[in-house]
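Across the two complexes that follow, chain A remains constant while its partner is chain B and subsequently chain C.
Entry: the complex of A and B
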């Protein structure tokens, strides 16, 4: 037998190698989550993290309980939840884009009180905010 | 022996490809390219599932993730016009904070994995027909069955579908709250279709 093949076969990936791989993918997703500013980019990073977490279920199933299928079932549930999350997230982004014209997460402070946030910190679009405040006040005056 | 060597080489090759594609997902400035890289990363993950003896799950991954979720994300990119603009490079502080937190998580989790003993079952053999086993487990109402989460997930998908339609719908009926318009100040006036149509016909008449 060729010694090189024997040496390669001796390094067959075990449980810890698989878990290290999913940890690396999860960390990359975490980095993207913290550095992206576009909301769709953040959603993609979250997809990476969900994907690696679902793979952990399958890995533990394969190595610790190979006769059963519980890990695969849990991974299917995770995939279904991810699909639901993407649908709702995309709907929110489309509605938000229609209202604000951007999906930059640094400018998402709609849930603050509009009267307060005009003096608040941050690089918010002040013209839009003043307009909203005017309509808000005129609606609440009468 | 040769099969084991091939398995090892395949694992490291696919793992390296997955990591590179994942790095492309988080680092590309054009979001459409990031979506294509995400498609590649999810496809290689399907390959990893196949290597873990979960063939049915590999198929589900390709069908749902690559065929469904990535297409939805591409739709989201195009509908919000994120593909046209280059995303700003994150500031150095932001990159540094992200790198420190993610590398800290990586070190701690890999350290925990390396330091803890696992009950590895070496003798077990994966079932030959995993789709049959998964189907039986999903509809089994005895102990160890998953019929209740299965029903709950179907309700969740229905709710997500309805919620997506309601949130992203363009013109809300007048006087109805909980839509993208109407309850936000100023939007009903700006986006009301009837008033715009009146303006257009008025312009043509005069």
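Entry: the complex of A and C
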């Protein structure tokens, strides 16, 4: 066997190796968070970062409190929070897509009616929202 | 067992890089699933098999279904059919399936060929985790249940269909 591979195989992974892995994953997730323009891609990057945080909980549990399981419990809560976050995020993206016809975050820098013109289901829903706004105004203007 | 860690870590790093570098959302989703599976294997090696199972069930199962559903939903239009043909071309799943094959080989090695008793490591059993969840951590369980309920209500509110007259559609 190649001596380098043999050395790697014989080397027991310590705290530093585990933490190096989680920090690599966290950094890649942060890079994706900052560079992606698709909102779904950004949510994926956030998932990666949360995942590495959960891994950190389990790793510190194993190396600092080997007889207990608090890190595992916290990892379960991290997973629950990630699930809730994904549900709400996806609902927001679907609603945004209905209204604007895109999930590109570069085009979401305005909270008011978008001026971009997009073909597709966004047109119909924009009509719908205009109607709703008119009714809301007529109810609250007097 | 040590080599298992390094190979799984390499698979995790490579698939994570692919997640952020692919421009097609479906490609990066496939790589994200590989990344989550490799992290599950790492949890397994770390002595937390319960968390590994939860990772596969909740992350790679439920959350990924949500992602796939949303990506399918956001790609409506006349180009859908052609896109769907392109999505599952051989190039799309060749990389993820190679990485997953590596993970599966590791899993089989752990199951059959590996050294099972490694340095008397403490394995976190599901029973102790459950006892702790409903013992000292019961308040956080309640809080996360409220969080999940809030997420459910918010998702229903945001995802409801609105008619032109401003009234909500009756289901």
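Basically, the second predicted complex is superposed on the first by the 100 of 142 C-alpha atoms of A that agree within 3 Å, B and C clash if a C-alpha of one lies under 4 Å from a C-alpha of the other, contacts with A are read in each partner's own complex, and residues count from 1 in each chain.
Definition applied: a contact is a pair of C-beta atoms (placed from the backbone, for glycine too) under 8 Å apart; a residue touches a chain by one contact, two chains touch by 3 or more.
Everything numeric here is computed off the predicted structure, so don't read it as measured data.
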item: Touched partner set for A:32, first chain B, second chain C, both or neither; value: both
item: Touched partner set for A:81, first chain B, second chain C, both or neither; value: both
item: First (chain B), second (chain C), both or neither touched by A:105; value: neither
item: Most chain A residues touched (candidates chain B, chain C); value: B
item: Touched partner set for A:64, first chain B, second chain C, both or neither; value: first
item: Touched partner set for A:16, first chain B, second chain C, both or neither; value: first
item: Where chain A meets both chain C and chain B, residue numbers; value: 8-9, 11-13, 17-18, 21, 24-25, 28-29, 31-32, 35-36, 38, 40-41, 43-45, 47-48, 51, 55, 58-59, 61-62, 66-67, 69-73, 75-77, 79-88, 90-95, 97, 103, 131-132, 135-136
item: Touching residues on chain A, where the partner in the complex is chain C; value: 8-13, 17-18, 21, 24-25, 28-29, 31-32, 35-36, 38, 40-41, 43-45, 47-48, 51, 54-55, 58-59, 61-62, 66-67, 69-73, 75-77, 79-88, 90-95, 97, 103, 120-121, 127-129, 131-132, 135-136
item: Parts of chain A lying in touch with chain B, wherever the complex brings them together; value: 1, 5-6, 8-9, 11-21, 23-41, 43-45, 47-48, 51, 55, 58-59, 61-73, 75-77, 79-95, 97-99, 103, 110, 114, 131-132, 135-136, 139
item: Contacting residues of chain C [partner chain A, same complex]; value: 2-3, 5-6, 9, 12-13, 16-17, 19-20, 25, 28-29, 32, 35-36, 39, 42-43, 46-48, 50-51, 54-55, 58-59, 62-63, 66-67, 69-71, 73-74, 76-77, 121-122, 124, 128-129, 132-133, 137, 140, 144, 147-148, 150-152, 154-159, 162-166
item: Residues on chain B engaged by chain A in the complex (per definition of touch); value: 1-2, 4-5, 7-9, 11-12, 15, 18-19, 22-23, 25-27, 31, 34-35, 38, 41-42, 45, 48-49, 52-54, 56-57, 60-61, 64-65, 68-69, 72-73, 75-77, 79-82, 87-88, 90, 94-95, 97-99, 101-103, 105-106, 109-110, 113-114, 118-121, 124-127, 130, 133-134, 137-138, 144, 146, 149, 153, 156-157, 159-161, 163-168, 170, 180, 184-187, 189, 191
